[in-house]
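Shared between the two complexes below is subunit A, which has subunit B as its partner in the first and subunit C in the second.
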Partner chain A sequence: MKNERNYLLTLMTFLVYFFLLGPLLIIIVVSFGPDRYLAFPPNGFSLKWYSNIFEVSMFMTTFKISITIALLGNFIALLLGLPAAYALSRYNFRFKNTLNAIFISPILIPGIVLGFTLLKFLIISYNIPMFTGLLIGHIILMIPYIVRVISSSLANLDFSIEEAAMSLGANRFKTFFIIVLPNIHSGIIAGVLLSFLESFNTVDVSLFLSGPGISTLPIQMLNYVEYNFDPTIAAMSVLLMVFTVIFMFVIERTLGLTFFTKSR
Partner chain B sequence: MNKKYFYLLLLPCFLFLLIFMVIPILVTTLSSFYLDGRITLEGYRSFLTDHYFLNILFRTLRISLLTTTICIILGFPVAYYVSKLNVKLKFIFIAAAVFPLLISPVVRSFSWMAILGREGIFNTLLKKIGIINEPIQFLYTELAIVIGLVHLFLPLMIIALIGVMENIDYDLVKAAQSLGASRFTSFIKIVFPLSVPGLVVGSVLVFVGSLTAYTTPQLLGGSRRVMSTLLYQQSLTLNNWYTASIIATIMIVATFIIIGIMNKIAQKLNPKG
Partner chain C sequence: MSLISLEDVTVAYDNKINILEKFNLNVEKGKLISLLGPSGCGKTTTLRLIAGFLEAKAGKFTFKDKNYTNIPVYRRNFGFVFQNYALFPHLNVFENVAFGLKQRKVPKSEIRKRVPEMLELVDLNGFEDRFVTELSGGQRQRVAIARALVINPDLLLFDEPLSNLDANLRIAMRVEIRRIQQELGITSIYVSHDQEECFSISDEVAIMNKGVIEQLDSPSVIYKYPKTEFVARFIGFTNFIDFEVESSENGKLLLNSNHSKFRALKTNDVKVNKSYKGVIRPESIKMKSYIENEKQSENSIKGSIKISTFLGGLHQYVVNTELGEITVNSDREPPYDAGENVILSLPEDKLVLVEKG
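What follows is the complex of A and B.
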């Protein structure tokens, strides 16, 4: 089926990918420029915007908060999500699909509405500290990634090996930790990495859940961009891209990037 | 097997979402029907008759519809092309679509500020070529928001479509063509219907995402507000929590309506599901 129409399709595909990746390439190039504004092509080479990242103290503070929220939230989301994913894959029961839909629903619930309702409900009505509110919002955001990725990993597990272990005398807990967990560890790693990225990048949920002293890196970057238009954010973006590539590499090794096209 | 206890595995996760997601959203939604001690639709009446608010509601819908349409038009051929590549090339194209998805929306919107700004790359280029003398206002327009949102959500559409197109048996297409169907007919009769599930998932994600995105309209839209930026302004800037609850409710209801409609469309176009 090769003919001139395939050339048109090829051209279009490359143009679309140029549209998707071009802006990110431009960011990488301008981050090395010496000027106070974003010049493309840059009039020289400089690393000063990279060192400037470390001089804006709010970037450092919010970076620590973002990392803390992402790690702590991930841990709690895993404690909540792993047993749930296991029960969903292992047993058949009424309301199974409904429960699954509820666990996945935070992907579709608008983050900004979630943040707004948490602010109203937790922080204003019940005086819960802002940090806790932010953490709860991020855990909600991470649960669907944990449940979905681990479920897809469990779907490939033959549960008869579990029964074999139990018939040989292992109890339920031992069976889970010795048989099930090692078999799905790659799914767990990928789920944790994906939800980490989701938490670390999100703006919408955090927007309403930040206040004096409590803010996340993306919120801080958003505020910075609105008032300063120098390449600091470009330099920061490049660091985040490097970080993302490393994560993607691990996700590919553990889960396979084709997960993105298969699950749903 | 002791099946009694497996509910205990589901309970913590369920309760967490119930307490911190379902209940707060329900409370907020219900509070928007409650004013001065009585149940009323007054809040909605005044919201939906206010020109400023209506304008923003329609702008948001217009932008989301346009973004979704463009994502379908661009995503469909690209996904078709990628799904027919060999394993190695396909992997590269999928990875290249996943990568921007994992990058913060702040970074991605910022890149368009650099491109579309008054002194941005696009205006500089046009001036150098000599097409324009004065910079054109690209940034802080509805067009800028749409470009930013398409950039943000197109990978989702491409990935959702590749997922279903990969599984199409192209022998069917060959069979149809050997029986005399034109390339176009075989595409419309075979490839398109089989792609509908992916198209629906992709469209829901893009439409709902565009309807509720905050970062992109905030950075690229300037004073052109959409529902999400209006929600922020009404609550945190103007302290008008009642109106903010109405906006939040409209966004939630709109999200569910869209998911419902898309599911109906999917069932109609592809009865086998």
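What follows is the complex of A and C.
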């Protein structure tokens, strides 16, 4: 039974993967075409659309903004999310489940709703600068990933090692840094990388929170395709794909390696 | 003055039910005392309170004549050995043992000297570079003991340290624990639900029930002369017979139960004309076949075998008597048959009167 080949299963698996990855393959191929429009199959080979990315200044500006927002937001989200994840895993208190649901809710609420609400309150009602508004929106988006991933890492942690450390003379604060953190560092790295990707790729929340001079790379790409139909955007997509794949590879490596070396 | 004293300590989880209420305990220096009892009796709570992991709602904890009630756990110099070892998974054996010394800012050269000494004491020399995950359960617990001992603790606390080990290892480790404890002369408190474990290593055992110490005595005294019905039941007495004390003279008691007279030694404080439970172990009762018209000796009663079960080296019988069912062990071959009439005699020094529980 084990060695028997199931041809139907093989075929179905192939089709599923083709369905998932096929469009990406087309984008990759198209990005190397020489024509001013998206042609498949392409009528030659050219790298000019890749160089065009670096000539459109808005791409570079928004790329910088995207990176800044993702990094800065990540830092703040970690400062907020790490203690939250720790408290939710370590202690029992009233409204714990409610609080947990609130931390996760940004994933469940449609980005459009979140974006519009933030626009309405932060920008219109309270006149908060656009960049700050965008940053806050992204922090809200990132917190669920930070809390979730670090929580699952903490779930594997035996909290009696905290008591052991304290009985050996380390105070509570020190115990957190020298005992808890080293044992959940893979979760922290994974949480940070995942939320970075989420922030970098998100469109809906950013859409409402961008204005003159302040925009993220995905929003800029959206604007670009409204007026241009050349393969620049395909080339851009390929670069983003490569970027994402490298990221995912790092996540896999950090989570994967420690899972193998630190079996409990 | 005792080294440790808990006075009227009350502990509650989440400010609801009191696990311990007005709890008192005194421990002498250099002793190994066990807290023994069923789960939920408050033994672990007591230990964690002494360690400083729990705060008392009321009461006072005195250690070496100093008030320790509000001293945080990291300032108490107590070693704690956990049930699940609680070793630091990101550190190797050396770093685990050295942890307490590093917190105390002990110079590196001294750490490099003391850690191997400790590992030697627990028979783990050469394991310095191993990671915790590469060790067996017994080895992990040795590391945990070394880690707790290296700081020269004023007190050593054990929370069911052997319950995750297999039976053979448990016996070997408890001998080890007793050896180390006596070698260093360190005052220790040991929590377990395993009676044999506690009895074999302790100077004194406190049997706990529902947050109260029912009896605190040396293991041999508890084994022979339980004070309460709960203690008797917990340490393996199976027979509980109602008796009324008719008279008490020169340390001897005359008892009455269902118009039969019995004699027993006075081991506990009992009052005349009051009713108590007479307890006796099944192996202490002597049983022989009933012979018609034979004169019955004192402290004996007639009965008939109701149930017989095979226990390996011997049989255990449930015998129907005027005093109710009595469980008796006997190694007579061939075994008694069901329905056979027998005479049971209860030796007066084995029959113990306890408060009804």
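Just so it is clear, the second predicted complex is superposed on the first by the 245 of 264 C-alpha atoms of A that agree within 3 Å, B and C clash if a C-alpha of one lies under 4 Å from a C-alpha of the other, contacts with A are read in each partner's own complex, and residues count from 1 in each chain.
Everything below uses one rule, namely that contacts are C-beta pairs under 8 Å (C-beta built on N, C-alpha and C of every residue); 3 or more make two chains touch, one makes a residue touch a chain.
On a predicted model such as this, the values are computed, not experimentally measured, just so you know.
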Combined model on subunit A: subunit C and subunit B, fit or clash: fit
Touched partner set for A:Leu80, first subunit B, second subunit C, both or neither: first
Touch count on subunit A, higher of subunit B and subunit C: B
First (subunit B), second (subunit C), both or neither touched by A:Ala165: second
Touching partner for A:Glu55 - first (subunit B), second (subunit C), both, neither: neither
Which superposed partner A:Pro182 touches (first subunit B, second subunit C, both, neither): second
Which of subunit B and subunit C A:Leu99 touches, first, second, both or neither: first
After fitting on chain A: smallest Cα gap, subunit B-subunit C, Å: 5
On subunit A, the residue positions that both subunit B and subunit C contact, one per complex: 172, 262, 264
Subunit B - residues contacting subunit A, complex: 2-3, 6-7, 9-10, 12-14, 16-17, 20-25, 27-28, 74-75, 77-78, 80-82, 91, 93-108, 110-115, 117, 119-121, 124, 151, 154-155, 158-160, 162-163, 166, 183, 201, 204, 208, 211-215, 218-219, 228, 231-232, 235-236, 241, 244-245, 248, 251-252, 255, 259
Partner subunit A, residues of subunit C touching it in the complex: 51-53, 72-80, 82, 84, 86-90, 99-100, 103-104, 133, 144, 147-148, 151
Partner subunit C, residues of subunit A touching it in the complex: 158, 160-161, 163-172, 179, 182-183, 262-264
Complex contact set, residues of subunit A against subunit B: 5, 9-10, 12-13, 16-17, 19-21, 23-24, 26-27, 30, 37-38, 40, 79-81, 83-84, 86-88, 90-91, 93, 99, 102-103, 105-106, 108-114, 116-122, 136, 139-140, 143, 147, 172, 197, 200-201, 203-204, 207-208, 218, 221-222, 225-226, 229, 233-234, 236-237, 240-241, 244-245, 247-248, 252, 257-258, 260-262, 264
